[in-house]
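Each structure below appears as structure tokens.
Next come two complexes, and both contain chain A; in the first it sits with chain B, in the second with chain C.
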Partner chain A sequence: MTKVGIPRSLFYYYYGPLWQDFFDGLKIPYVVSPNTNQEIVNNGLALANDEMCLSLKNYLGHIDYLKDKCDLILIPRISNFKKNNQTCSNFWAIYDIVKNLFPIKLLHYNIDLDKKDTLKKGLYKIGKELNKNKWQIKKAYKYAIIKEKKRVKKNHIISLNKLKSTKTKVLIVGHPYNIYDEMIGKDILKYLNKNNVELIYSDKFNPQITAPLSKKISKDLYFKYSKENLGSIVYSAKNINGIIFISSFPCAPDSIANELAMRKIDIPYLNLVIDDSSSFTGLETRLESFLDMLGGKLND
Partner chain B sequence: MKNCYLGVDIGSISTKGVIIDEDNNVITSSYIWTEGNPVHAVKKLLNILKEKLPNNYQLKGIGTTGSARKLIGLMLKANIVKNEITAHAIGTLNFYPNIRTILEIGGQDSKIILIKNGIITNYAMNTLCAAGTGSFLSSQAKRLGVKVEEFGDYALKSKNPVKIAARCTVFAESDLVHKAGVGYLKEDIIAGLCKSVVLNYLNNIGKGKKIIGPIIFQGGVSKNKGVVKYFKEVLKEDIIVDPNGHLMGAIGIAILAKRNKTGHNYSLEINNLKFVTKAFECNKCPNVCEILKIYRNDELVDSWGSKCGKY
Partner chain C sequence: MTKIAFPHMGDYYIPANYLLSHIFPNTKVIKAPKITSKTIELGTKNSPEFICTPFKYTLGTMIESINKGADTLIQMGGGCRYGYYAELQEKILKDLGYNCKVINLVTEGTTNFKRINNLLKKIDPKFSKIKAIYHGFITFKMVKYMDQIDNYIRENIGFEIEKGSFENLKEAMLIAFSRVKSYRKLKKTYQRYMHKFKNIKVHKPDNRIRIGIIGELYTIMEPFSNYFLEKQLAQHHIEIKRFTNVHYLLFEKAHKYKKYQQYAKEYFKYNMGADASDNIARAKYLCEKDYDGIIHIKSSFCTPEIGAMPIISNIVSTYQKPVLFFSFDSATSETGIKTRLEAFYDMLEMRKEK
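Let's turn to the complex of A and B:
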């Protein structure tokens, strides 16, 4: 039976659980690559060109890991969610990059709402290519979508409860594929958790609520994920003590979003840009002093 | 016997030590080069301080800050180890309670700290790039055949500073080669360098920050009169440079060591201490972490660097 490979990187952090539910529904076996480790980073570096961001380099490392462990690798091309809701141009290109770099079969769909290519259409296309009939696909799709909606709702409620916490509250802003990646943001989160900070994540709010709020910071921004990031800041600004913006070097959309947030929001703010050669020592200095500042430990 | 407290600030280029009394007055201080060996530098530092310290004082607490703070903290059994941003702010606030902005340019890092009513409200520190810091100036000084300590005097002589790219050390250097090649005066080039440090700082660390007076300028580069002059010119504000500016981090951490009540009786005698770091790569998983093991008198006191917490 065909086995699908899912790289635990980039899109996985947006669609991973939904894909897994969908494949479970179709009874298709799949394999997810492990958390990013140094070997994956090194392999990605060797394959990537130097203009690519760290997250994209890591993605190639994950593909490299999966290439002989499955029959097909799932790589969507996600280009836009209607006008003024673009994604990073790397998200459009990654399918073609991988196709050119690796002699492996790919499983692929487009999300391009300008051309009416929806997620539903995409998943139906995949189902068909995996030799499933219409009824099986319909059932699996429904199952996956209902679970996804429940997840979004649950995450939003958890985040709202966290905003009521009495601990020091820090909003972690950034792309989920950076925040939760073992080699990018995980060490930062571990450090903050160890220091008894309540962490609220920008991607754990319902994007339909947060994204429109980004207009308060900028009306011209046209990156969907940046809008959600900035929206989450506006949404939670009154209930948090500080903001930490994590991005990978050199992310273009983040460089705009970061500048906007830094200038327009009046909350203690820390920007951390992670490179493949970043050591945690430097980050620790910045995090420790940031927490000192939030804790007001200086005026005793 | 009166109580006193030691603060040590181990930076990339220089190592600073102060001893303060119960009222935060500096009893004695010392400033030496790190020369790439913090352990050796601190031993030297303590020997100097030991000789300068009057006999009627008992050391009651030790604090360490700066890039080698963790290592030296272990070595001296410090009762507090803190980052340099907090230490600098505390040290400065002790002398200038009304200060609003601290500009700091050190050997390899630069930072800005904004303060309101004695509380830090925001700060920034260079992340991926160390352009426009002290190391940049000293490497250019070597190229020009001038002592970096004399940079300020040269810069003040200049009437027409050259324009030098302020973004990147590498580009600045190629600009410099070009300007020297077409025959600009040395003082004009040096003044241009000092100005590029200021512009680089304000465009990188200072961007988006409201810089309000009173402003104090610290770190090794604050000893350079040229840089101070251009900060005044660009910010259109008066810039305070404290003669003890380079010691603020050490004073701050000494104050923190005093506030932190866990201190006990310490001795400044560490000449016989054997303090060694051994490094190896762990090959048990694909992460291949670089593990550091710290030995104090042949006894393992700590190990750092593992992602999984095995060591």
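Let's turn to the complex of A and C:
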């Protein structure tokens, strides 16, 4: 039976649970690559072009890990969610890059709402390629979508409850594939948790609520995921003590959107750009002084 | 009275100047000073740290033209984050204490005539649409003629017998074009200069080296940002083929994309943003037409081109052709580029002799 490989990077942090539910529903075995470790980073570095962003390098490392452990690797191509809602151009190119770099079979679908390629169409296409009939696919799709909706709702409620907490509250703004990646943002989160800070994540809000709010910071912005990030700042601005921006070097949408946000907000912020050679000791010093500053402000 | 200015890109300030000064007769168009290393320094100092280089160049020229008196700045956009430059640049300029507005004509790589109409009304509410269309037509023709002449120059400048003849004539041509007032005069000027260019004596050997230049659009079209790469290649007696120019971006790109996709379908399936997928197809074209080498240039951190680079490497390795990747930053040293170019040229010559 064909085994599907899912790289635990980039798209996994948006669609991972949904894919897993979908494949569970179809009864198809899958393997998810482990958390990013030093070996994966090194493999990615060797494969990638040196100017690619760290997250993309890691993604290539994950595919390198998976290439002989499964028959097919799932790589979506995500272009836009209707007008003015496009994604980073790396997301457009990733399928072709992987196809040119690795001689492996790929399982892929395309999300391009401008041309009416939806997630539903994509998952149906995948199901067909895995030799499942229409009814099986329909059942699995419905199961996955209902679970996904519940997850979004639950995350939103948890975030709202966190906003009411009495501890020092810090909003982490960044793309989920950077924040939760073991080699990029995990150490930062661990350090903050250890220091008794309530963390609120920009991606854990309901995107339908946060995305339109980004208009208050930036009118022209047309990157979907950046819209959600900036919208979450507006949404929670009154209830938080500080913001930490986490991005990987050199992220294209973040370089402009975050810079604009930093120039417009009046909440204390810290901008962390993570490189493949950055050490945590350096970050720790900056985090420590940032927390000190927040604490000082609270006592006033 | 509003004073308009726009960032430089190659010689295209002439058609842009023509268009703006004719659509808005009541406003003053300010020609931005030529890009120098001081411009780049100004731009780099005020830009975010990992932004692509065109942002720094255009911000630098904006500041310089504001110092010359401009208060309305025009910015174009592309299919990548270029379309999002204007908002941040306006904020940066305001933070610096300048009072100005930045108008973004193109977002997301698409032009919407209704939107442009509204934007132009912001500059001058009484502008005449019919006149705008008429002068727009002449401007586009001017761009087309200039691009045609440029293509001819590029193919021949390396083989001129009398040194500097092409460059001197081109300078005269640019002055003549900037004095054009009607379509008839434009066409006559074009024919006269094309004739003059074709009369310049050239010596083209049969085994000459031919190179194709592909890459990111701003860097390729603004000679200062690629450290006058084409000039340096011409000094080595090389024929240059370049695809990207404003005429291509405005009129050909939209319908050529499908052809390109069909042509290079084994290398890419989806659009990769900006000019990346076009460049992949061009790399294949250059390899199949037996060009001696490919030079790929981009500004540092240009995301679409970074995605295209591994695929271009894949193409050239199947066709066994040499390729040279340049990534220009504001801090690139000119000697470094010269050394790499010379080595590349020597390698091409050695391959030719084999």
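FYI, the second predicted complex is superposed on the first by the 296 of 300 C-alpha atoms of A that agree within 3 Å, B and C clash if a C-alpha of one lies under 4 Å from a C-alpha of the other, contacts with A are read in each partner's own complex, and residues count from 1 in each chain.
Basically, a contact is a pair of C-beta atoms (placed from the backbone, for glycine too) under 8 Å apart; a residue touches a chain by one contact, two chains touch by 3 or more.
What you see is a predicted model, and the numbers here were worked out from it, not measured in a lab.
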Chain C versus chain B, contacts on chain A by residue: C
Partner chain(s) touched by A:249 [first = chain B, second = chain C, both, neither]: both
Chain B versus chain C as contact partner of A:68, first or second or both or neither: neither
Which superposed partner A:273 touches (first chain B, second chain C, both, neither): both
Which superposed partner A:263 touches (first chain B, second chain C, both, neither): both
Partner chain in contact with A:285 - chain B first, chain C second, else both or neither: first
A:37 touches, of chain B and chain C: first, second, both or neither? first
Residues on chain A lying within both footprints (that of chain B and that of chain C): 249, 259, 263, 273
Chain A residues touching chain B - in the complex, by the definition given at the top: 37-40, 187, 249, 259, 262-263, 268-269, 271-273, 275, 278, 281-282, 284-286, 288-290, 292-293, 296-300
Touch list for chain B against partner chain A, complex: 67, 82-86, 89-90, 93, 118-125, 127-128, 207-208, 259, 285-289, 307
Parts of chain A lying in touch with chain C, wherever the complex brings them together: 48-49, 51-53, 77, 79, 83-84, 86, 88-90, 92-97, 99-101, 110, 218-223, 249-253, 255-257, 259-260, 263-264, 273
Residues on chain C engaged by chain A in the complex (per definition of touch): 48-52, 79-81, 83-88, 91-92, 95, 104, 107-108, 267-274, 276, 300-301, 303-304, 306-311, 314, 327
